[in-house]
Structure formats: structure tokens, C-alpha cells
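Below are two complexes that have chain A in common, paired first with chain B and then with chain C.
Moving on, here comes the complex of A and B:
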């Protein structure tokens, strides 16, 4: 069955390109063939960070008006990180549509735009794992721990890494 | 209360016709204020008055502008800025928008460093932009990276890009992307190139053309439809220009001719045409939202207006009306009022203005017409209701248990005389008391002050009770008001049905419409009077207001019941009663307004607004 809507056409194209030219440490694709709006992805923890060796599962949910509106991303199980909410939802500027940031916190080129793509989102999330932005933290506890007690933070992350590998 | 002396000056007063809110100003019509808007009549605030009170009321002078007036003002402003900068109208507009429409700030920055100022809005000072017509390119080999559509020889894609860059996308993707935006930029996140209004217009026209081709292919009906509505609009705007004349003829006739019937007929005709005009304006507004460019232009205009201190957008839903503040009247000026806030804090100031589409609102607080309640009380009341919203949630506004059988009852109309479907118990929705006790001696509008002899800890509870007492009544009338207004919106249809069934002309059914509108206004005044009394300390004047309020609430309930119980097909039979009751309600309403105004002017009235 050929894809119908703009969103479906675009998602199919992106999936095709991602599987053809796969970036390192990223594996992503629709959960089911007949529903292109929910993707599952696996991210490898960036080297030289507390997340190293971990393989983290996240779910991307696309809106019907994709690519005009950005998808949302949620780590399942949740990951301890200053920019990830306790329920696993990722808070990163590329997933925010421009216009709903009254304080102009984030620069417009970092925001979502239809020219962005799943690949760019996942690469941004990878670099976010390596360099948290503690100025606008989503998880205050993680922020505090990261700033004041780095060893404890790393210990907790390390446990999650072990769990992600089924150890 | 401010103790300053007010002298009643003839000059500051205007004559009103309260029925259609149309007014003629007498005295100084200071129209030399602004040459570009001099055609627009200068009016005085607080128009809904036929008060007999001799209390001087502070007024403001204002102009009710239409969309086109303000659009012309904006064009004028852009042109004048371009006259200095010499960079082009489009560029001037984009720059002005960036600087929040503040001309001086823009000029300062621009003269200081034109290149950087240009850069800040996504313009390149030295580059020449591509002509707007050349931005639309039909390309058979184009692949749109947004929607992943691919062009072919038979079915080429139409693309668009900003005049300052070369990032092309298909027109549909671009149009959807720009639809809700006020700052137009290239879709590419790395590229800051701005899209100028003329470039947007070119895109918008391209989309419109494509749509009309599609529309023509499917059926020619749509086109004829729009033509018909344009015809209709032409007729309606005719009636708008002749409205004033009609009206003065009407007045002349009133003096010369004693034949009341004919005058009434004329007046209703004016009313009818006015309503038609309103509808046409709404249609035009819808039309305006259709094209990409006109949507953008109307958003830009609203943005411009909201940045100007002396302009207000009409708060009514989808109303394009705009009011421009001009000056304070001589009364206010003589008592040393210079700022709007200072003006609004006076107890006798009512900056109630009327937009070109007959919506009344307060210029200071942008709330609906809250006469006879001064702005500070409105502000305090609204804040109080918001702060206590938890409590207000606790009081369920929509359902109440029947006092006899505890069946939950939802109110579906404005009338407060309730009859329980389950047990046939008749009660008053407001005080939950027996309805049969209600007519003569039971007065549910009066709050019983409790003597202060109980311990301190009881006090807060009593404050809450007092608040809830007034809030319940305020909220009950607010809900009823909304229900009545819903009813009002269905009125045109209803009246047409009545005309058909009874074979009468629409003039003969106008009394019904009139009654509903009088009821709405009366209920509104009644609603606000409860908010007012909450802040008034018990005194002789408060009792007077409560007496008058009671009369009004009786009249409101009575008319409301009449409207609700008499089926539309029978209204002709009840004509006299409708006319009598609505007349009564109207006079009670003005009595209450008068009493409140007199009380506000008196030193006896103690108002306690917590700071």
C-alpha cells in the first residue's frame, strides 16, 4: 500500500534514508509497518561519558501534521539526565516549535523546523547526553546531582547502563 | 471617593439613543486632532445612558475605527517612515515590526548602523532582492524535501523561495509553514532571510489561483456564491452610509408627526439593516481570513494596534473593531486627570466605549460594559473571583440539588423560577427558597449582615459566606446571561418561523427581539450590581440600592419567564405583555443605574476595597 498523507510520505522517505545511510550509534524505525507515526529507536551512550556502553531505548511519536510540528521523544525506561523528565520525556530545543518560548531562551536556528529530520533529532539527543544543559533543566534532582555530586550522579547512571544491557 | 468638585457642563454631554446605541455628539467635536482620521466621528464614552441623575460623569473622547481605517493608518505610518529611510515600504514595515512599531527607536538604530539593523531582521543591506514575481518557479524536476513530493514533466511542482536566499520548497509546504506566523522567514533554520510582504502576496496569489482553478473544475457554484455575497455586501454598506440620514429623518419626523406607528416602523427598519450590516461585516472578516496574505496583514495590524497605548481592540469574539482614545472631556481635565489609570480610578469615571460594530466595552479594563460599577471595583471583584476559584469550583454552578428531593437540576434557560421535574417542587434558583413565598415578602436579593458578636475565628468564615452570597448571585446571573445570549443568537431564525406561521411582517415581530435584548441588558446590569454591593458597607444608601435591585430582579425574572414560557408561535397574542414588561424592566434598570451613580457621588457611601 503506498503512503497517503504528506506526513506518511515524508516518514517513509526518512526511514528509507536512515536505513540506507545509518549514522553511528543510532538505530531507528517504525514499530509497525502499518503505522509510521510511532518509531522505536536505540541510542548508544556516547563514549567518555557516564552513559558509555549503554544502549537506550526511546519512542518517537509523530503528530499528524509532521513535518510542520515536531515529534515527541520519550526514553523507556526513563534515563537519569538533567534534560530528561522523570517520566523519560526529552526536553531539547530541536523538539520545540519556534514561537512557544516567550523568553527567547533558545535560538531560532536550534528549534524545530520542517527542514529538520529524525536523524538530526537523534544526533542532537546524542550530543545532549554528552553535554547536558543545566541552565534549563527538566529534571531538577538530576541537575542538582550533576552539579554538586558528580560521582553519585555517575554511579546512578552506571546502574541504568548495566540495566539497559540486561546485566 | 475623590472630594473634588465637579461642575456639570453641557459641553461634556451627548445625546443618546439607547435603543440602538447610536449617538450624536453635541458640543465640541474636536476632529482636528488627527488629519488622517478626521472623517471618523469623535464620540464620548459611557453611551448607554438615559440617566436622569445630575451627577457629573467623567468621560473620554474617542473614535470608533473600522479595520480599513486602521489599515490606512498603518499604511500611512509605513509610508512616513519610508519617507525618512528611503528603503522601500516593505522593508520599512519589517523593520518597524521588529522595533515594536516604535518609530524613534528604529530611526535611532538605523541611522547609527543601517547594516546591522538590516541584519537583525534578516535583510541584507547590500544585496539586491529578487523581484516578487520571479520567486514562483514551476519546475518539473523539483523534489520538495518537506513533503517528499516529486515533480514530473506532466505534473511539475510550483516552488517558492524568499527574495534574499535560494532555499526552494513547494508552494503548499511554504504556505502551510507561513500560515500562523507574523515574522516571516525562510524555512531553513540556518538561513535568516526574511520574506517581505510583497513576496508573501505573490505566494498567496499563486495559491489562490491554484485553488480557483480547482474550484472551477469541480463546480462553478462556489464562484456564483461569492458573487452573491459580494452583492449582498454592497447593499449592506449602502445602508450603512444612509443610516445616519435615516436616523435624522426619523428624529425630524418625531417632532413633526404624531403618528407613532410609522416612526416605529422606520426605527425598526434601521435596526434591521444594522443587524444585516453586522452580519456582512462578519462575512467580510471570514473572507479576510481566507487568503494567506490578508490573514498576515490582519495579524500585523492587530500586532501594531496592541503596541499602541491609545488604541484598543474590541474584546468581542472575532470583532475587527478598534477604538482610539483621543482626550479626556472637560470635566476630567478640570479635575486634573492626565492619565488613563488615574481616570479609571475615579469612582465616577466610565470609559465605556462602543466599537464600530456596536459592542460596548471598557476602554481601561477591556471588559464588557460594567456600568454602574467603577473600574477599581470590577478589578477587585475579578481578582477575588479568580483567587477564590477553588472555592468557586466547590460551588457547582451548573447543577443544584432540588431542596425537596435532592435531584440534581441543571438550568437550561435564563428564568430562575424552577420546577423540579421529579417532585414538582417550585423554588427560586437563586435563594433556593419556596417560589410561592417569593412574590411579595421574601426578598432574596438582600444580604443579611450578621451582628458581630461571635468570636474572632468565626470572622473568616463569615467573610467567605458573604462573598459566596454575592458570588452565587453574580454567577447565577452570569450563567443566565450566557444562556439568554445563546437564545439571542438563534433569534433571527425563530422570528422568521413566527413570521411564516402567523403570516405577519417582520416589523410586527420586532417587539419580541427588542424584549430579549432589553432582558439581556437588564440582566447584565443586575449581575454587576451584586459585585458592586459586595464592596459597599451597610448604610442607608446600600438599602436604597438593594430596593432598586430587588425591583429590577423582579422585572428581569418576570420577563425572562415570559420569554421562556410563551412559545414563539404564540408571541403575537402576548404582544402587549411583552411590550409592557420590557418597558418596565428598562425603567427599573435605569433607576438602578441612577441610584448607583448618585450613591457613588455621595460621601455617605462607604466602599471598602482591600488593597
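Moving on, here comes the complex of A and C:
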């Protein structure tokens, strides 16, 4: 067996733990057997939100120096949400390394540190789906819609929910 | 076998204890793990803010950001102190871990089999994962285990004492056939069968197997067939919390200010530590830093390894660093793979279009029924209910199909 890097060992561990003790509404694992650095996850839309009943696919890409640096997360297909860029990339404090904070609004304990984990990221994203943070929006159109025309926002999300179910 | 599966087999994680007779060890196991690598701590050190990590892990983390990963306090490498007692505790735990795990494993893990099945299907077939079908059952199972095990254990114990007989010579318990078959002869011819109550290692006497009053020490030894009693050797004479001699006074490798070093000087520095000097300057700098982490972490270990071993580790690290062509290949393949997965999904959708349509149709009818009986005023709720039902039915019917396909 080839020597494993710290990142690979840690990812294997997280995968093992996640598959044994699965948080509700979350499924995640490496896409391919021989590459631990790309994961696919399925998130169930939180109940009592516009995303309810949806099952959303996202891809987590880990850097080679994980867990020193955070992974990136991208919904594929993109999801309409104030904190998700139009291309599907998730903008959430836990995925930002403490070093770079261009907007200076995130508290450092909310941000990435090697003690965070895939599970914590996905749980944070779930709660982000339930409670968008429109003060630091990534998708300005979604922000506007969410603030000024909630019914229209929810209609669009409903469509995406249906699409996520293949309807 | 893919490497994910391989590395999974070589990975220990605290949740293994959940499916044993002693689930609380889960907590002990997690406490002894490093927050950064999630492994049992190697050469643990404590920070100025009182948090423990593997020496190498925290050194690596502090080299990117001078901050404790747990509390975000400002921390520097020079503040780290080794914790020999914790090192010894973990050494003990990792030495006995697999044996303990084996001992307290559930005898009839019927539920566990089911769980591992879902695990492996999750590992191999990313397309067949469905959130709602596999999620809800997990957590209650462990609780159920914990409760039900107690009862089973008591039953098992009662059963044991009822069916076993005591050997008159060594006062061991066994089945009658065993006793009459070969045991008595062996017992009589073996000079070491005198009952030796004081010789029993401390931890086997009632820590992990609740002793019934009738049990003799010999009996518990019998229950641990993997290690014969004679092999329990304890370094009693070795004082605790001491480091292997000769290492305590070794000085640490200094941090280098690469900006003020010429490449020739840098090479000289590398040579003094026997670090390979091949590759670009950038590679040499990174190699020095990695070796510094390995070397200084080694000094925090209770039993430091020879420099040779460290250099070998550095060499392995180097190999991983230079493995970039392979990595990019992997990435490319991963991309191709996700494309294939998408195609696969499309194909699936096309193939089963009629099934879907049928299910949706049925779901809609159900939804209508619900609407007429309960008289929903809100249109959207009724519709989304229908959607949900449709997906539930889909998942139920989809799963076996997929298994057949593979």
C-alpha cells in the first residue's frame, strides 16, 4: 500500500465515522474509491423551509493540506439561496480560513480550523439553508428576492426542489 | 480493492465501541484523540491555552497560523510542552485497544450486520444513495444495543454458571465434556496449574468482565485466549513519566529565516541534518520545514525514534509531495467520473420514465384523495405532499432495481 498523507488518513477516518453515525438528512462520501479528495454529498432540505422535501447534491473538494485548509463546497446543480453563488459555490464562514477575511465581519471562532470536520460543515450548511444570512449575501439577486418578494423566491426554490427530485 | 476501502480497514475510530458491550469507552477513545488528525495522539503536547494535540499536528497547524485550532488563542511553537503521562496512557490504550475491542464485541451483532451493509452500499454506489431511506434508523440502534445488551449479558452469565463445571485441580470452569476429555490430564501434568491469584494482571480481574463470585482468576485468564497469561509482562521497574534516556537534553531544530539565507547556505544547513538537497529551492525550504516538524515532534515522544526513521519518513513525505502528476491524473479522472455519473443518471431517468410517470400519477391521485377528505385550502401544501409521496415510493422501488443492475 502506498504511504498515505495526513489528509488522506484523516479523510478516511471522517468518512468511516460519518457512515457509521450519520446525522439526519445528510449523506456524504468520496465519489471514487481511489480518490478521497472529492466527495459527493446529498442534503435533505430542512423541514418547514422552502427547501423541504428537496434532496440537493453538492460536491466537496478537499485541498492537499486538509485539514489545515478548508474544503470548498459547490451545489450541483446550483441552488437559489442568498448565501450560495450563482455557480453553486457555498459562501459560509466555516469554509473560510481564518487568514483571509475580506469583509471583516466573521468572528474567528466561526471560521475554519483543523478541528472542524465534514460533519460540522454539512450541519452548518443545513442550518444555513434554514436561515439565510442576507447581510453577507453571495447571490445578490437571491438576497433581493428573499427580502422583497418572498413568495417569488419560494416559487423558484420549489421548482428547484422538484427538479432535485427528478420531477 | 480501492484505496478507500483499504484505508478504511486500517482506520480505527471511536464509534467502533458503540457496537460493543461497553459503549461508554467511545468517550474515552475520543478524548485520547487529536482534534487535528483524529488519530490517537502521538507524542502529545499541551499548548499555552491547555489544549492537547499530536506534537507534529499542532506544529504543522501553528506553522500556517499562530493560533490554537480549538480556542483560536494566539499560540507559538515555543510554548508547547510534552505530556508524558498522556503519552503513556495512550500507549497503553493503543496496545490493548484491539484486544479489548475483540473481548467486548457483541456476540450476535445482527443489527450491526445491517448497518455495515448500508455502509458499504454507501461507499460504492453514490447514485443509489437516498437520504430519507437510510437515515432515520441509525441513532436509536446504538441506544437499543446498550439497553438490550445488559439483559442478554445477565442471561448469558446465568447460562454459563449453569452449564459449566469446575475443574477440581485448577478450579477453572468448563463444559463437562472438556473436563473429562483432555483437561484433567493436562491439568495434572502441567506444573504451573497451582492457582496463582496474585499473578493476575490488574485489568483482567473485573475491569472488563464482571466477575461472578464463583470465578477464579484462572478462569478469567482462560477467557483471554489471544494472549497467554505468561505474556503479560509489565515494565513495573520502569519508572513512569520518563523519557528514553539521551533525548531529554537534545536541542530542537531551529526555525530558519529563508529570506536571509543564500541557496548555498541553505544547502549547507540541510547537509548538517542529512536532509536531501535535491530539487528546487522552494522544495528544499519545504523539506526543511517538514523535517523540523518531524524532528521536534520526535523529541516530544516518550520513546523517540532514531534519526534514520525520521529521514525515511521525510523521504515518504517527499514522494507524496512530488506525486503531483498522478494527482492531476486522478483529478481528471474524477471529473470524467462525475460526468459519467451524470450520464448514468440521465440514462436511468430515460429508462424508467414510464415508472416515474406512473408513480407521479398515483401520487397525484393520493394527494387528491387527501385533499378531498381533509379539505385542504392551500393548494401548494397538497401538491408538495404529493411530491413527497412520489419520491418515497420511488425510492422504495428504485433500490432493488439498482441492486439487480449491479
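Here is the rule we go by: the second predicted complex is superposed on the first by the 162 of 167 C-alpha atoms of A that agree within 3 Å, B and C clash if a C-alpha of one lies under 4 Å from a C-alpha of the other, contacts with A are read in each partner's own complex, and residues count from 1 in each chain.
Methods note: contacts are C-beta pairs under 8 Å (C-beta built on N, C-alpha and C of every residue); 3 or more make two chains touch, one makes a residue touch a chain.
Predicted model only: the values in this text are computed from it and were never measured.
Overlay on chain A: chain B and chain C clash in the combined arrangement. When both complexes are overlaid on chain A, the residue A:130 reaches neither chain B nor chain C. Counted by residues of chain A touched, the larger count belongs to C, out of chain B and chain C. By the touch criterion stated above, A:68 is placed in contact with chain B and with chain C alike. By the touch criterion stated above, A:38 is placed in contact with chain C alone, chain B being left untouched. By the document's definition of touching, both partners, chain B and chain C, reach A:6. Working note: chain B versus chain C after chain A overlay, options 7-15, 43-51, 97-105 or 187-195, clashing stretch identified as 187-195. Overlap of the chain B and chain C contact sets on chain A: residues 6, 9-10, 12-13, 67-68, 99, 108-109, 113-115. Within the complex formed with chain B, the chain A residues making contact are 6, 9-10, 12-13, 67-68, 99, 108-111, 113-116. Note for the complex: chain C touches chain A at residues 2-8, 10-11, 13-15, 18, 35-39, 57, 60-61, 64-65, 67, 69-72, 115, 118-119, 122-124, 126, 129-132, 134-136, 138-139, 316-317, 319-320, 327, 330-331, 333-334, 337-338, 341, 349, 356, 360, 380, 384, 387-388, 390-391. The part of chain A that touches chain C in the complex is made up of residues 1-6, 8-10, 12-17, 19-22, 24-27, 29-38, 40, 42-44, 52-53, 55, 59, 64-65, 67-69, 97-99, 108-109, 113-115, 158, 161-162, 165-167.
By the touch rule above, chain B contacts chain A in their complex via residues 145-149, 169, 173, 176-177, 181, 185, 187-190, 192.
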